[in-house]
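So, here's a batch of structures to check.
Okay, so subunit A shows up in both of these, paired with subunit B first and subunit C after.
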Partner chain A sequence: MGLLSDPNRRRALINLLTRLNAPICVVCYMAGVAWFMGLAFEPFTLRTYMSENAMGSTMVEERFPSGERAVATGREFAAHKKKVSGMPVEWLVKTMQARGLEVYTQRFSRTLPFPDENKERYMVKGTNVYGILRAPRAPRTEALVLSAPCTPGDNNNQAVGLLLGLAQYFRNQIYWAKDIIFLVNDHDLIGMQAWLEGYHHTNTTGMDWSPLQGRGGSIQAALSLELSSDVVTSMDLVLEGLNGQLPNLDLANLFYAFCQKIGVLCTIQGKLQRNDWDSVSGYSHAVQTMMLMVMKQASGRPWGDHGLFLRYHIEAATIKGINSFRQYKTDATTIGRLLEGMYRKLNNLLERLHQSYFFYLMPSLSHFVSIGYYMPAFGLLAVILLLRALDLWVQLATPPPTTEDGIADIEQVRHAHSSSPGVLSVLTPLVISHLTGAALYMLPIRFQEMAVEHFPVSETEAVVLTAIAVYTLLTIIGTEQGWRVLKLVALLYLAVLLGCTALINFSLGFILALTLVPAAAFVTPHVPKVLSAFVLVILSPACTLLFSVFFFQELQEMPVSFLDGWLLYLSVISQGILDHFLYGSLVYPLIALLVYPCWLLFWNILFWK
Partner chain B sequence: MSGLPGFLIDDRLHFPSCPSQGGQRFLVEMAAPLTLLLVLAVTIRAALFRSSLAELIAERVEVVSPITAWKRVVEGLALLDLGVSPYSGDVFHELADVITAVALYMAVKDYNKQVFRKQKFALEADRYPLDCLELIRSPKEMYYIPLKVAMFYLLNPFTILSCVAKSTCGLNNAVVALFIFSTIKGNTLLSAIFLCLATYQSIYPLTLCAPAMLYLMQRQYIPVNFRRASFWWFIAQYLFMYLGSLFVLICLSFFLLGSWDYMPSVYGFILSVPDLTPNIGLFWYFFAEMFEHFRLFFLCVFQINVFFYTIPLSVKLKEHPVFLIFMQLAVISIFKSYPTVGDIALYMAFLPVWSHLYRFLRNTFLVSCVLLACSTLFPVLWHLWIYAGSANSNFYYAITLLFNVAQILLVSDYFYAFLRREHHLTYGLYLKRKDGSEATLVLK
Partner chain C sequence: HYAAAQKQAEPAVLQPTPQPKDDFQEELVVRPLHSGDIYASFQFRTLWETDFMRGNKVSHYRLFPKSLGQVISKFSVRELHISFTQGYWRTMQWGQPYLPSPPGAELWVWFQDSVTDVDATWKELTNVLSGIFCASLNFIDSTNTVQPSASFKPLGIGNVTDHRFLRYATLPREIVCTENLTPWKKLLPCGSKAGLAVLLKSEKLFHSSFHSQAVHIRPVCQDWQCKTTSWELRQTLNVVFDLHNSGQGKREWSLFKMFSRTLTEACPLASSSKIYIDITDNPEQFELSPATSLLSQAMVLGDRRTFSVYDLTQQDTFGSVRSLNLLIRWKSTEGDMLRPLLHAERYVAGYGLQTGEIHTLMYNHHPYRSFPVLLLDSVPWYLRLYIHTLTVTSKGKDNKPSYIHYQPSKDRVRPHLLEMLVQLPPNSVTEVTVQFERALLKWTEYTPDPNHGFYVGSSVISSLVPSTVAMDTNSTRERPLFSSFFPCKEESSYFVRVYTEPLLVNLPTPDFSMPYNVICLTCTVVAVGYGSLYNLLTRSFQIEEPSPGLAKRIANVIRKMRGVPPL
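Right, the complex of A and B next:
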């Protein structure tokens, strides 16, 4: 506490911080970025290990035999799907009943706020079919879910076949202590949302669905199965859920452990594990994998059907079968054994998965970075804002050597009082930029119909164009001195905002900090206007998103031309808005209502007169 | 008087609250902004009451605690079979806030008048060192303080949240504000009655007894001297009124309920902290973690915090009872067993009264940053803990701790600044060491 009470030492520290403010900020920024890049370096990461006792040693035997039959069932399912051109509800009900499950259906319908052009849907109607395998050995208070989406086209038939095959096999085993729910959901995430809301008696998004007739116990864990082609060479694990939420790390460990045991090639973000961490290519591979995870998490959207389970405190992941044209093929029996092993382990759980980490990044499937290691990278960026704020605070107070001890010339005090800006001069830009933010949030949906009437554009484009039009609106308010107070407020606002964002979704917070912090640090009314305005626009949230789109494509090794990238950018914005209205993703309101107004404050400071 | 600059004398002559023709003008001038403020505050609350946020806020643990939750009041009333409660409307809660604000406004106005009068006498007696003139308060800066106090209370987001959540904390605050008002007006009987009401609601205001008595004695020119009979006579008088009204209240409750059950379930609940729902206080986590056989000991240690500081603070601040009231309110809201943000709002309303201490405050930046960050982190970490399930109670408690440390820092900073100003007023502003170099004050 000496620092808090001893004026001499305080003065020395504050002098140091204000004199060396700019260099310290630059060093912090570099250190933050370097720290972040260092996270992917293998010696700095931890090896994954199973924390949950109940799943500790791999003492289960996988005996699932009937992969071939599952594939045949999948073909049958495909035929019926083609016949009714949609979900073959009756066939599914019959087949599930024949396998000894309690079968129920749920109907749902939802009208999107505007047509989704990626998936070509507007008014969605569908039916979920699910069968419950009642636990023979326990009081049916807990349940596990295995789901497979019924997608249009030939994509996921094998997964449904495997699900039915597993149902039949599981039915004959006696060791189940939890209900197992086999769910085939229609219209992927929308169907999943309807089912989860029905299961938990909540309605957060205003969807119409019929109530569920049968329920199991409280769901402990869920896996979603997607097999994109009939030939599978490797299994990919998808963890990123709604709002960047991740399942407990033990679920990933479980998957990894069984892949090792059975000998299946396993990937994360579609990237295989490499052992040459000390080479440049090995390190860049790890960076690529981690950056992909960061980008996906930052987007805040569910990257598989599992993403919506996480909101209900249910640990869930999507397992994807991928055909990467390798020699080694994985047949349906092996995948079935993998799933059987995982379910038997999950069946042993005595409580929810909670022992391992919830906040982590994975540079490979066998290594992870925990919150304690990655938060300093963000902290180093956030501290810049606080340092700048401290600098401004000291400038705003009367000359430092005398005020620090509370003694100052009376003239200076009076001067400070007379020139201190009123509350209004700070409040006005704050209110105006928030109103602009609110407009950005409301207008795209409100005015899309109007725009469609008057211009020959498609509805999605109308939405996106409105969003951008609001975005480039300039607001310049010129009054006298008070920009320092405004900047102080804006800096603290940004620091708190980014801090809260990084706690909920580290990746989003970090990416926003990467661009917004330099913008916030350098802006004053006295820098060259045109150049800084250009830099500020480059560092705005909209441009951050544009760069992220290109960067993401680059990481996936699918580079796009600028025009394609622009189209992709537009569709990403409309997807973000849809995600908000359909599933309650928070990224769009966060950007529109808080981050963008905050950026506008800095814009105001630049054009302060 | 020779060293006085002209502006001071002028300002004093035109001090608007002098009971002359200025008083009339003053009333008109000040009533308008206050009314505007009240209308604005009530509008904000009414709008929030009608919005969907009201339900959300009423569930927040930061805003309501087991003893202030409106839900429980309604439950209790229903159990009493009183039918529809007359208090169930939101107007009632808005009214409580308005009463608090107006009472504080009047109290501070009166207090400022006295401070100014005292300063005037001291100036005329040449009691202040010459270089302290800049420390002397001018009527210009004091003019808007009462309005600022009302504004700090009514527009404080903490108060608004507390009111919209229909927390009964607003009622407690109203009673305490009325107590402060009647004390500053010098009405011994009303002061004792309101203090007894506040004590009756939640035990802690008991510690406000000391500043109230000190203030009333100062007002009646009774010296604080243990050997004087008048001192003891006054204390006996006050305690008699206080305990007498407490006795009447307790008996009334007994006759209303027909049993003594309410004593353990109200005061036992406050003192023995059986409900460990998380809140912004220090108790819940500690007692949730503790082994049962240490419970009583630590309960005493924790509870004694609230009461113990009364003695040293009263000794140190016996000349400045109103500042003592502020300190006591802060101590209560930090160390009480079920604190909510409404309690914090009450003592924060007093901050403008001490705006002249601003130059001696040392940690304003740090404290305001921490308080701001903590207030936003509370809901975020609560979400991560309860809804997302990814964080745990340690995260939330860490923020609680930080929040309370910041509050303690704030209060001790004000305490230090107050003592320092008093020190300068007696020894001069520019302290010299023995060798003639400039000295700095160091608090160790």
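Right, the complex of A and C next:
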């Protein structure tokens, strides 16, 4: 700061920054990307370790014996499910009661804003069934949740079977200090949302549900189980929740520790861990795993039923059983023992999980990148915006070459600003682009009916196409003066916007920064219009999403053709809008109300006359 | 019950050799629960005709524990009720308990109206009791003590109801274990050496679903004329054993299975020693062995119950093996439990660490009668209640309480106290909601485990509930017709106290694991960032003349000494 209070040295520094602005920006961008890619390199990451004392040192012995019976119960459940073609509520209630649980049901109904074509649902009605194992001599203040979704078709029957088997086994144990809630939720996430809203008596999304009769106090942790085969080859851990929230890292550590102890193959993002980090393929494997996590987190949607718990400050994860062609199989007893061990350790918790990290990326299950390591990658990108803004600021301020020092400059700038019509001319594009953003946010739902009437498209397509139409049609706006002021404002706006986004959801912020920062940095009215317009469109949020869809498919080793990719793209947009209306995901409003208007500002600058 | 006491109630003043004016009774009530669990309730009652007050120095103690007697006289206690409970009574599965108590420790005391500084006496008393019962009662201070205006009336004789002399406090966090049981057992005349108390083995008592022990001291009438009073000490212990945890799922209970002991004798000091088994549903449901012919009927909690009685003072109760091991075996699991007419639950609604809402639900399961309940809520000061958001609704309609007593909290001094008299409509749920804001504590005020959360004690719901016997208007089975048209007064309603579950609320908590980082970062930001920015913004910069050379300065000094203006 001494540097800045000395006017001579300050001027020298500013001169340096303005003269070398472009090269510094390019270097920063490359350094940011390189830093990010380096995060997956194993020597740069930290090994995971259990931070929570209550879970670290306690030895537990897993004794769950009745995996076979659990699988049989799963089959029985499947038969009853088929018979009533839906959730076999009565059978579940009776079965849970026979196991000594306090059983309650919750009915809910929800009409989606438009039909969900992926899951083929529009008017959703369902019933959640949950049984509470009351801990002996505990005053109903704390609870743990184990949930399994009741999915249509043949999926997840084993998960419900195992849940009931564990309930029976857990019921006979004396050591529980927290109530355990066994929840079978109907219509996966919608049911889970209804249950959580009912449990906490909030209503954030306008769903209809009947109030819950029984509760177990404040929920400390939750696991959601997905299991569709009698034996599995590996267990996959899903962490990404709503709005990119992640559970405490200790939950992942706990899963990993027990997989190691019991000898179950465990994966994250469906990728096994590899030991050859020094080889190229090993490194690219780690990069793929981390990129998958980044893409999933950036999407802001819950990637399992656990995702909705995180809003309530409940640490939760989904555990998926995966049955591949590998030779070595794990049976239900072992999975039961894995869960038993995890629950016994969670039962030992004295406080909520809080010791370990909440912000992290995982290139493998045994390694993690904490917020302190990944934030510089974003910082390097964000600093470009600030450098460009500084450059513009100086350009706006310098015209009178006679001034002696920086303070006089600033005063003159201030003077110039207040006298010239600059502020108003900036305000107009700002307001118009935000109105456009608001239109993008409102219109798709409002006008879907009209679109369906006039055009031969289905409702979902109507929503998506309206969104795209709004997006492209309204982008040609131009006013006459002061593009520099506008660009300065836009740059700062983008910097604040991305900074806030990255704090909440690093992945989303980083991906947006990757594309928006170059666009913001280069655009002026003096570059070739057609080419720049093309580049700007390529770097727009919509195209970012399109690329992300293809990239995600590539990472999952399921490449798609362009046409399929386009359809996928449309469905991703409709899912994003649905996630917003059903669960309160913030990505859609963020893009529509803030990021897109910001991008429009740069579009304005390009077409400045 | 008063018969024994009355026998010994002769005027003892003139007797040269004082007759024992005290009396001890013990009993155990066993209630098989519909869920297959079993509920055992011990009661030990010591009656003593004496006067601790008015400067009387009582020095000779026989049955009454000396430690408690001294407490009564030293602190001028009129009535004392203390309970330690581990677990939550599950009203909907188990019905009403004989003696309700909230999870954790509960203490309420009525002082004599001669006490001048009640708060100081209360403070001392809690510390003394803390020592007697090996419990953390010393954590009771002004921040968790309230003076309920209506909910806790004296249970003994005396009509002073000025609630200035009442103190009520709960410690929902208190954990009850053997260290509390041992001093409690030591208060018994026979200790745990003989009588029913031999069953109280901690390894079994704490292998249960619910455990509660209590001590109640109150003055009672000596006889029906109530000319003299005597002190009653009731020690109670309630325990519920779980079918699944300890029974291998077999619906069969015996004294040995419950307590891993059998009975061989009554306490020799006891004037009565009995075991009651609630067999109201017999013989359809379960069988007893050994069987007894002694039956007793009593009105308990608004219901007419039948009990099998085993008198331990009779030698033939123990049979030829000289030991009594009662066996209760279920024959079938059918039949419905009588649904409790009143039950309540409470939870915290909302998410996030800024605000929240406390919901208290009170259920009236009576099909056609409404009844009033008194709700008492004591909420710690760090949950700042927004009392203007208080709503009481039943059946979707606003239900206006006929009496509200609210005492706002003072930060770090006293808790909120909210008492309401609410009419519960028949067959309804009444919901009481109030919003609150979570306060930021000072960093030294956090408990060692702040992320566990902070407890809010149970609400207390006291009510006169219409009796189930009175509900049954067609109960002409056992009663003569002429007696059953108008419901008689005693049976028409009964007193019930229901405790809700305590709440665990998370407060905004700093990350205590990195105070050093935080301090460093904050100091740096303030010192470097803010300081120099402020400097830059407020100071005006000028280019300074380069400082004069050394020779010039020396010359100036010399010129100054000479009184010539400097160069």
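Keep this in mind: the second predicted complex is superposed on the first by the 573 of 609 C-alpha atoms of A that agree within 3 Å, B and C clash if a C-alpha of one lies under 4 Å from a C-alpha of the other, contacts with A are read in each partner's own complex, and residues count from 1 in each chain.
Basically, a contact is a pair of C-beta atoms (placed from the backbone, for glycine too) under 8 Å apart; a residue touches a chain by one contact, two chains touch by 3 or more.
This is a predicted model, so every value here is computed, not measured.
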item	value
Which superposed partner A:138 touches (first subunit B, second subunit C, both, neither)	second
Which superposed partner A:7 touches (first subunit B, second subunit C, both, neither)	both
First (subunit B), second (subunit C), both or neither touched by A:280	neither
Partner chain in contact with A:313 - subunit B first, subunit C second, else both or neither	both
Touched partner set for A:500, first subunit B, second subunit C, both or neither	first
Contacts of A:123 with subunit B and subunit C, given as first, second, both or neither	neither
Touching partner for A:563 - first (subunit B), second (subunit C), both, neither	neither
Subunit B versus subunit C as contact partner of A:492, first or second or both or neither	first
Overlap of the subunit B and subunit C footprints on subunit A, listed as residue numbers	4-5, 7, 311, 313, 352, 354, 405, 407
In the complex, subunit B residues that touch subunit A	133-134, 359-360, 362-363, 365-366, 369, 372-373, 376-377, 380-381, 383-384, 387-391, 409, 420, 429-430, 440-444
Subunit A residues within the subunit C interface of the complex	1-2, 4-5, 7, 100, 102, 134, 136-142, 171-174, 200-202, 214-215, 217-218, 311-313, 350-352, 354-355, 404-405, 407
Interfacial residue positions of subunit C with respect to subunit A in the complex	86-88, 90, 93, 103-104, 172, 206-211, 242-246, 249, 345, 347-353, 357, 359, 449-453, 455, 501-506, 509, 511, 513, 528, 531-533, 535-536, 539-541, 543
Of subunit A, residues touching subunit B in the complex	4-8, 10, 245-246, 310-311, 313, 352, 354, 358-359, 386, 389-390, 393, 403, 405-408, 410, 413, 492, 495-496, 499-500, 503-504
